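Chain IDs A, B, C, D, E and F follow the sequence of writing; residue 1 opens each chain.
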Amino acid sequence: MKTHYINENLPYTGEALAPHWIYKNFGILGDAVAAFQGPCDVSIERMVDLEDVLNSDCIYSEKMLHFIIEIFNMDLREGVIMQRHFSSILQHRLNDVLEGHVIERRGDDLFFQQTKKLSVSICTKSVTSILIHTGLNVESANAPVEAAGLTSDLGLSNEQIVSLARSCMRSLVDEWKDIKLATCKVRPVF
Amino acid sequence: MKTHYINENLPYTGEALAPHWIYKNFGILGDAVAAFQGPCDVSIERMVDLEDVLNSDCIYSEKMLHFIIEIFNMDLREGVIMQRHFSSILQHRLNDVLEGHVIERRGDDLFFQQTKKLSVSICTKSVTSILIHTGLNVESANAPVEAAGLTSDLGLSNEQIVSLARSCMRSLVDEWKDIKLATCKVRPVF
Amino acid sequence: MKTHYINENLPYTGEALAPHWIYKNFGILGDAVAAFQGPCDVSIERMVDLEDVLNSDCIYSEKMLHFIIEIFNMDLREGVIMQRHFSSILQHRLNDVLEGHVIERRGDDLFFQQTKKLSVSICTKSVTSILIHTGLNVESANAPVEAAGLTSDLGLSNEQIVSLARSCMRSLVDEWKDIKLATCKVRPVF
Amino acid sequence: MKTHYINENLPYTGEALAPHWIYKNFGILGDAVAAFQGPCDVSIERMVDLEDVLNSDCIYSEKMLHFIIEIFNMDLREGVIMQRHFSSILQHRLNDVLEGHVIERRGDDLFFQQTKKLSVSICTKSVTSILIHTGLNVESANAPVEAAGLTSDLGLSNEQIVSLARSCMRSLVDEWKDIKLATCKVRPVF
Amino acid sequence: MKTHYINENLPYTGEALAPHWIYKNFGILGDAVAAFQGPCDVSIERMVDLEDVLNSDCIYSEKMLHFIIEIFNMDLREGVIMQRHFSSILQHRLNDVLEGHVIERRGDDLFFQQTKKLSVSICTKSVTSILIHTGLNVESANAPVEAAGLTSDLGLSNEQIVSLARSCMRSLVDEWKDIKLATCKVRPVF
Amino acid sequence: MKTHYINENLPYTGEALAPHWIYKNFGILGDAVAAFQGPCDVSIERMVDLEDVLNSDCIYSEKMLHFIIEIFNMDLREGVIMQRHFSSILQHRLNDVLEGHVIERRGDDLFFQQTKKLSVSICTKSVTSILIHTGLNVESANAPVEAAGLTSDLGLSNEQIVSLARSCMRSLVDEWKDIKLATCKVRPVF
């Protein structure tokens, strides 16, 4: 798995949640995770969470830190577990940065001060891969629900956000490598 | 997935890391997680982590809180991701109880004060299921490595440990149910 | 797996054989089976059985009892076996109701009096699920092949048809639950 | 899939429920179903249904018609669905022979006159295949539960039993071939 | 797996690399390999190798011997291994015909005299199958890269090319059958 | 995938065809291929090809070049295709070295001068991996069938054999890496 931090403001519209988006745009072939910052505005046609569609939920943020993960040759359920696990990695790293136990995870969502939603996340399937989008609000203004933002509410500087993005991607890569090796060293049981 | 807290001191020798151990001993059929407290002493013949065997590592604790998880119809890699994710659940619940960001996770291991190992964990495969054992030291005395214990070092009472076990099992069950539903509500992408 | 009997006349055009059709229309999330009555008229563009397309077969009935089944995280071959098995469930329930051994199954088709076709059925795949449509003629008039109908030929009242639909859905749900448990209680063999 | 009727009295002890038993004993390579008659007496060590083991159930019959099915490269859940479906095939063929709707199926079990158990059945996994044993009582005397036998209760001659065995095996082979082809001719849905 | 040699000039545009193309056009149901000769000109919209798309590579030949292979119920990685293996079969058969060790394989590509590209090949996935296209230049004139052709450079007559096509398809079919049987006759190891 | 050439005479008895043999003996974790030279004598109890067992075939050679391959998280059928493909790699490398088209492959076997068997090969499954053994006779004396040896019949020096082993292992590693990347760069087809 390779990582790529995209150093430019890039709006997230749902288009990036597509097979080979990282490969086509950044030339990175194979399992990969990319991160970037930018506004988030997903139209109903691009929403992949049908629960949101049924509820006419709105996915909107003025500025988010986005992660796009693509893993090939994986089924959806395993992808969903990876998605939850990546949310844990984000939670943990944020608590490290904030030097406290202040971020909670409920399913694939992160919260600050119990009720302020920090993140959106989804995992879906293409014919040859699973794709994950996780976004953390940077600014919480004008969010459609009670929200927290990395800068507006947690007080992180842009430098800290970039560093957070890089270290979370690095953790994911290390953990993915470690997970694959862990399957190669155990005696089965009978 | 069902849960079972076993209210008696039960030594963990590695025998419990076997297919249908929960079903045969407690009559709980299907995916399940069980927890109990007791000493931990796994002989080299019962070790399933071949890295430990190659290193002649010793798996020993005077008292641990043990979790045994069995999930059927799952491949090993997906099981390993679940194992890591369960370690995250334990980490975050402990930080909740301790009201601070004091437990770290590295892979499937939890640490207190950077270097004091709190846990052992393994995930392996039977022909029809995956099996996970995760143990948290209750007492750290006489551990073969620098260790921390829930009672000896973190100061948890037995009541708190039982409560921790129950809530972590409950979180796992909720999350497993949620993960399965999450696979049923997403539009694929092309 | 959940069941839903739709209490209104609903034409079957092939549109219902789509991922999340039950979820989007009736809010039922996860594995599910729905039943309804209505005419059946599938245009060539919506036919999923390419053998029918190649033969320019016509899928038409003035009134049918329709079943739509969606099971997630299942491959096509397993779905086809479930489809055949559901045809068996229908066959046997009909024989129960008719108090005789009068319905035959050949593959996924049911016949009355050897040659009168009672059913149409297909199983196909979406990216995240398998989908089954099975329809039983209620009226056989104007069918494109020699046909039998639950009311026109077998003499069932509408009440009996609704009751048949409900009990067959219930049987499927019970059997699906039982099948999953059956995978959790067997010793492998070597 | 190939079929083999073994023309000699052969006791079933559970030993035949093993990978490659048909290949090793009859030289038939690949997916196969074999049938034979003989007493049934499975010791507790050979029982693969752990529910029977936990209940200390006894699997005994003075004479049974046995079927052993092995299908390679199949997972357990799909094997269990096939097992249920084979029970349906047996039920249907028996009702044909008996010219009435007199045999019921509940899960993998067949019953005569509601309560008289006609069959035992199990599906399990080896590392490379699934294995099914289904046995129909020929004689019901001394059975451990209320039972029916093909000869003692249903009045079938030995010739009829052999013919039943052959036609059920043939049906299974035809259906298996048909199931595989059915996966090759459907347009997926989106 | 069935084979079909199409005795007419047929341009390859990428359209044939589609699920059920062989079934829809030639009525051959199930795993199959078809071969034909004709020009090759794949527009950028039909290219499935995204590396070619990114590089704006051109897939063009005045005349090629084309093979289309479809195998159902197979994942992409296994399909790619089959594709490589089919390239080996082609290489081997060509060396037989040319009575020398003159064709080299590098990945899925065949070369003559180290640098002259003889082939193009791709393996991709549909929802229910894997699809392989492998084309061998018959004429090398006007190729976009340094190329060799079966007739223009290797001196094969049309009769030899047809014979090559038939024998390579036959080898693939035999090997596929043999591979499946090989999975049914091995003791697992522990 | 990693490679290891073992620089000492090591008899092959079948014991090496076991999960984690490379890891336990040489500390190489994960997918791997190892090669060594030594006599080959597999007792009937260790034979995994049941066809050989049924035929009471003898697997014996005074000196062979052995390859042991282990790939984790792979099913048996895919492993068998890899095994065949590795035989192709050996065949072509030998033809390179011998500067002629003198080695033939039939299934997983290599032949010299049509009838002289150069190799033995098997692919089997453990619970967590597939395992391949392929051996090439170095000396053909006292072989149980008409045989050829790399030194005795093909005239290769020990240096050439070691070089052949290393380059074939390297080819396998490169190809395996290339195969995995090939699954990450194709557009699916519909």
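Criterion: a contact is a pair of C-beta atoms (placed from the backbone, for glycine too) under 8 Å apart; a residue touches a chain by one contact, two chains touch by 3 or more.
This structure is a prediction, so every number in the text was calculated from the model and none was measured.
By the document's definition of touch, common neighbours of chain E and chain F comprise A, D.
A rotation of 180 degrees, rounded to the nearest 5, superposes the Cα atoms of chain B on chain E.
With centres taken as mean Cα positions, chain E sits 40 Å from chain C. Centres computed as Cα averages put chain A at a distance of 26 Å from chain B. Chain B has residues 19-20, 23, 29, 50-51, 73, 75-77, 125-128, 180, 183, 185-188, 190 in contact with two or more other chains. Looking at the complex, you find that chain B touches chain D at residues 20, 23-24, 27, 29, 73, 127-128, 188. Listing the residues of chain E that touch chain A in their complex gives 50-51, 54, 75-77, 125-127, 190. Residues 19-20, 23, 29-31, 72-73, 126-129, 180-181, 183-188 of chain A are the ones that touch chain F when the two sit in their complex. Across the interface of their complex, chain F is touched by residues 17-19, 47-51, 75-78, 80-82, 84-85, 88, 91-92, 95-96, 98-102, 104-105, 107-108, 122-127, 131, 175, 178-180, 182-183, 185-190 of chain E.
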